[in-house]
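In what follows, chain A forms one complex with chain B and a second complex with chain C.
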Partner chain A sequence: MSYLDLVQPTAGDRLAVRALKATARFLEDRIRLVSLVDFLASKPVPHDLNWAYTLGSVCLFLLANQIVTGVLLALYYRPAISEAYESVRHIEEEVTCGWLVRQLHAWGANLMILALCFHMARVLWYGSYKKPREINWLIGVGLLLATLTFGFTGYLLPWDQLSYWASKVGTEIPGALPVIGSVLVKVMRGGEEITGATVGRFYTLHTLVLPGIVLGLVFLHLAIMRYHGITALPGKEHSRKVPFFPHHVMKDAISIYLTLAVLYVLVVVSPWKLHEKADALVTPEGVKPEWYFLWMYQFIKYFPQQIGFMSGKVVGIVLSSGVFGLLALAPVLDFGEGRLIQQRKLFMSLALAVLLGVLSLTVLGYICERDISLLGTTIHFDIKGFPEKVTGK
Partner chain B sequence: MDDSLNGLGSKKVSRKDFLDLAVAASAGLTAVGIGVPILTYIWPPLEVTTTAGQKVKIAGLKDITPVKAKAVMFNNKPVLVINTGDNFIALAATCPHLGCVVKWDEPAGKIMCPCHGAAFDIRGNVLGGPAPSPLVPVPLTKAADGIYLG
Partner chain C sequence: MKLVSQHHILLSCSLLMAFSTAPVLASQPEKPAPKTALSAAPSNSVSSAAKGPSTTAADPAAEAKFLAKMGSCAECHADNATIFQKSVHGSDGIACVDCHGGDSSVEVAEEAHAATKGFVGKPSRRDVPAFCAKCHSDAKRMANTGLPTDQYEQYKNSFHGKKVLVEGDSNAAVCTDCHGTHDILSKKNPLARTYRANIPATCDRCHGDDAKMNAYAIPTDQFKKWKQSFHGRAVLEKHDLSAAICTDCHGKHDIVNPEDAHSRVHHLSIVKTCTRCHADAELMKRHNLSAAIPADYVAGIHGIALLKRGITAAPACTNCHGNHGALPPGVKQVAMVCGRCHMRSEEFYNKSPHRQAKGFRGCIECHRNHRIAEPGSWLFSSACERCHPGDSPASARGKALAETFDRAVFTLEQAAKEVKDAAGYGFSMEKLEAVVEEGRQARVEVVPALHTLDPREADRFAEKATDILKTVQQGVQQIRIRILMRAGSLGMVLIVIMGIVFVFKLKIDRLHHEEEEEAALRAANGASAGEPPAEPAAADKTNGLS
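Right, the complex of A and B next:
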């Protein structure tokens, strides 16, 4: 089926349909729009793709959610420390549906990072980044980094206690790097401390720079994906092909609607609280970064003050950043041609070890400096996540 | 029964027609579900004017001398208060032509719009220029301690 056939009017068409088809033909004659849609929709995809192959579309949907809700928030948000907190409060409490828009943005951001991780895990598991798709994998790693930066810069904007102190700690960390450390912190903060200048910088990055970068990368990512075609399941490279529309689109739509349902449930059941306004003189207890940075934050804690001639913190920062390096280098490290797991035992063991490490550090980062109660026993975990004091009934 | 209704009732709905309708209905519902909150969000929240429905003192009795005027903001809108010599007049200072704020031209004894030259007499009636209607009067009360609007 071609879309060009659909734009030919038939005798049975009603006036509205004829008008639609005439418009489509007008656009086709001038900018070949229908041919483009046809080209995109008729993309042949293997018929046996599973649900994990819809994660890319879920990421795209969540990106759209961030753009729409972000633009709406920008209508009322004011990026100055004298007004930022009050404007967020105004959105939450006075603007119609303001709470909904803000919660969709906050929860959407978290789900987007989660969906990106699952999408990349799928690509990693099936070895989909192998030749000729190495460059598209690199673009994907770039998108992950840009999305994490989105999360980091957006976190400060409500200007409440949690956002202020998390940003303070977060921007402090690169300060340990030799030579460039202090310069980096100063450039990020727009001064020595987190002030209105920092809010201005983070807001500009968050709303002007990063959206441009991400949209550009997403366009490239999709164009290259359309050029190469979706990878088949490993070992099933010759399976029958079906057009992208409606076969895979239907599956994508179901995943997107499920994501929307999860998003709404989270928004209603567990809304993000706006804490007290930022106070540079009062540090709240147990300041921690967002869950997606917890593993790095926890990892750095296990290094001693000094390792040889280097500061332990620097070694920690360099090693934890190495995880992104490993991710970027996956197509090089996993150099064999085979995509089946049994053909990539060594690489997949390494990948699983790194993944387990990141997950364990995330859990340790979550439980540290907390009292966890389980079955009547309360355990206090120290700064490194070790159980310290046990009190029972 | 009406023939056309009869025809509709007996028409066989194919699986494809049903699916098309279901997809279109889902898409429509989604669009409404997303569109309605966005439209209500964009609509500006009610402006809080602390003085709505209240009388506000804008000047003392001797603050505006005869044939002089004072421009004040009242409920977020500019108002021109003129001492005509025997009384006080308050007029909405927004020109009915394109919304510029009019000024009292004391030597000429007219109210003038600086944008496109609309001219009004001391009571706000159009004397010339492009203004399609007179300036709207604003309720004014002269009390013992001053002039009140509202």
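Right, the complex of A and C next:
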């Protein structure tokens, strides 16, 4: 007996199918929902898509996780500096499963950004943004920026020492820009300093403005994807097609469940700690932004105070922001028609160089101003991430 | 000429009269001064202490020289000239015009006082420091006098200087208030305001004046207290000029507010200031005092707290001994002195059997005075045995008390360790930390209570410590349960997810299997019918619901 016989439909399966069909008929008669689902689910996809093609669905799942857990958190969170920290502590300690909801939200945000990066790397690697999908790529870049802003605005909300100081450092960066810098900082913070006004602004952005933007962009992204279909693997454009459901959906589901497993492991094994309440008079040591902004934060450090008539910081900000510009312009820069790597050597070399740069800066940003012990030797890394003092063996 | 000669005769007469009454005139400031220590000091003690001004009045040649130097100034300002002649400036050959400008060679006042001749007249109080500094900041002029030239710079940064020069407060002291004007004498002259024994009275002229000091909220009883102090009595009664006077602690031209960190009498500097004299073995020997006291204080708990840890609540010398009225506290006053800060300890000590014990010197009997070691239960063994034999009931009682206390402290440390270890689990420890803090507070409270030597105090503390440890252990246990539940939920979630993934994987494999079979069938059909294989599955025609 083959193991496949194990999944032969049972009486229960048949009953479920009948119930589903009855529900589908009911809905179809009234709102033609089944036709819509049918339209979406029946889209043919290449049969040989690999697991990297499930990353988009993983992102979608993580977005759903953020929305659900975010709504639950909003039931208890109070966006005022006198209450924000206490309300998060209340969620963690008093609310039933509050810790789980908060941790799923906090880790989900990180995984979502990671999944987005991998998803975009897959699109870059296979050249999936090429004609006619350039606009969808641009929407994807917009989604990345919106998600990063989501992370930035959400980070301040617990109002603990780390969130306060990381947000202070983060909001100071645009201040170096000429003319608009100070205005920009004032608008972001709602004043000169990070106060209750900043929490109010960030909360509004985080819960009202950004969700609208992201959901709108996701809808557009999916609609365009449905219109053009999923790109085949490079060089296999004419491979056999299979329906999106159940063939690809099954794969997506497996990736989503595995992501859920990773998420839950992180939530239980390494929960996000709520530090001491924010105190504007006590600066904790080694304040750094979140990992996804570390490369920008580190990059700016290597610029001198002044470069010609411009501030070094401004040059750093402009150049690091240029990475997003390069991403957005990928369809233009990678102008050839071929999607195979060997047909896009120049562009892929540039993309790999930028990626390596970002990764290296992230590592340097992580190790800087830290003592790292390895095999009995402790190395202190200075502000630029260079080893400064070695102690031990 | 005739008029001038008459003036000279009159001046000569007045100078002779003035000389005969010189001590009286010299000791009289411009304003009537309060009675000073000077008047109480016997003349032989002070006259031997310093050399008087070199007067030229008795010598006709010198007098003639002086009059020549005065020029026409002495004709109108005979009184000032008389006083000035005996001053340190007059005897050094300095003329009126050297300070006031003008022309002493002419006899008409308007001409002598002409601005074109550099006449500045009497400077305002605000201008006095700069007026004096014209010479006293000039290194060349001061070269042969042995005087420093930084007084003006010091004064400018001083409390007095800032008041006068920056705030324009003419009440604050200027040079002439302490040194005099035309009657300035060498500080070695026992008649001088700046003679060591006279300095406290000089300072008191302003600092004893309620009307003046009220504006600055400065008390006016310092001189009174100083006179009664060990230092004051040494200077005034024993004529011992080595004892401390105002300027030894506060400085001279550079006096700053005691609140100022640069002040010699700032709380953090006072030990250093007292040490300047009190560590001088030779000097202390004369007063039958130990020169090791400052070193003992520095090595003691108070010295470490104040000087090494910067805890400004810790006492310096003056907190126990007083400042202007500095006296060593007597046997009866020791507990009161310590009790100023250690109020609770004093309260409980007063209930102890030691309070009534004859000859018991209070706090210092167990704790010592200057080299006070960190208190602890060890005191009950080492300190008790200083008076009570090791096998006496009193000694045994002390040891039992110490044991109970130590056991309770150990229990609290255990509770703190449990909380610290559990903090690594990532849960909020705020509530349990508050419980541990409660224990620390209980420890702080029981230490003064142990001065009663009542074992019930230690027992109560031990009970409290045990309760705290129990509460902490329960709290930590709850955290461990929550961790186990989370770990359990993780295991269950992972099993369910893996099960679902396995089923989905089977479904995918089955779909592939069916597709392969279908493809093979199509290929076989196509081959038998001689037709090309059919197009791949028209996916749009199928969907998951069909």
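The rule is short, and it goes like this: the second predicted complex is superposed on the first by the 368 of 393 C-alpha atoms of A that agree within 3 Å, B and C clash if a C-alpha of one lies under 4 Å from a C-alpha of the other, contacts with A are read in each partner's own complex, and residues count from 1 in each chain.
The rule is simple: contacts are C-beta pairs under 8 Å (C-beta built on N, C-alpha and C of every residue); 3 or more make two chains touch, one makes a residue touch a chain.
Since the model is a prediction, treat every value here as computed from it, not as a measurement.
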Practice task
Identify whether chain B and chain C fit side by side or clash on chain A in the overlaid structures.
Solution key: fit
Exercise for the section: Mind working out whether A:F202 is in touch with chain B, chain C, both or neither, as first, second, both or neither? Expected result: neither
Practice task
Between chain B and chain C, pick out the one touching the greater number of residues of chain A.
Solution key: C
Practice task
State whether A:L75 touches chain B only (first), chain C only (second), both chains, or neither.
Solution key: first
Exercise for the section: Could you look at A:F293 and tell me whether it touches chain B, chain C, both or neither (first, second, both, neither)? Expected result: neither
Problem - Included angle at chain A between vectors to chain C and chain B, based on C-alpha centres and rounded to the nearest 10 degrees - result: 80
Practice task
Identify the partner contact of A:S42: answer first if only chain B is touched, second if only chain C is, both if each is, neither if none is.
Solution key: second
Exercise for the section: Check the residue A:W107 against both partner chains and state whether it touches chain B (first), chain C (second), both, or neither. Expected result: neither
Problem - First, second, both or neither for A:F150, with chain B first and chain C second - result: neither
Practice task
In the overlaid three-chain picture, find the nearest pair of C-alpha atoms across chain B and chain C and give that distance in Å.
Solution key: 5
Fill in the blank from the handout: Dual-contact residues of chain A, meaning touching chain B and chain C, are none
Practice task
Name, in rising order, each residue of chain B that touches chain A in their complex.
Solution key: 37-38, 40-43, 45
Practice task
Would you pull the chain C residues touching chain A in the complex into a rising list?
Solution key: 426, 428, 430, 486-487, 489-490, 493-494, 497-498, 500-501, 503-511, 513, 515, 536-545
Fill in the blank from the handout: As the complex stands, chain A meets chain C at residues 3-4, 6-7, 20-21, 24, 34, 37-38, 41-45, 47, 89, 92-93, 240-247, 249-251, 253-254, 257-258, 260-261, 264-265, 268-271, 273-274
Fill in the blank from the handout: Within their complex, chain A touches chain B through residues 68, 72, 75, 90, 94-98, 100-101
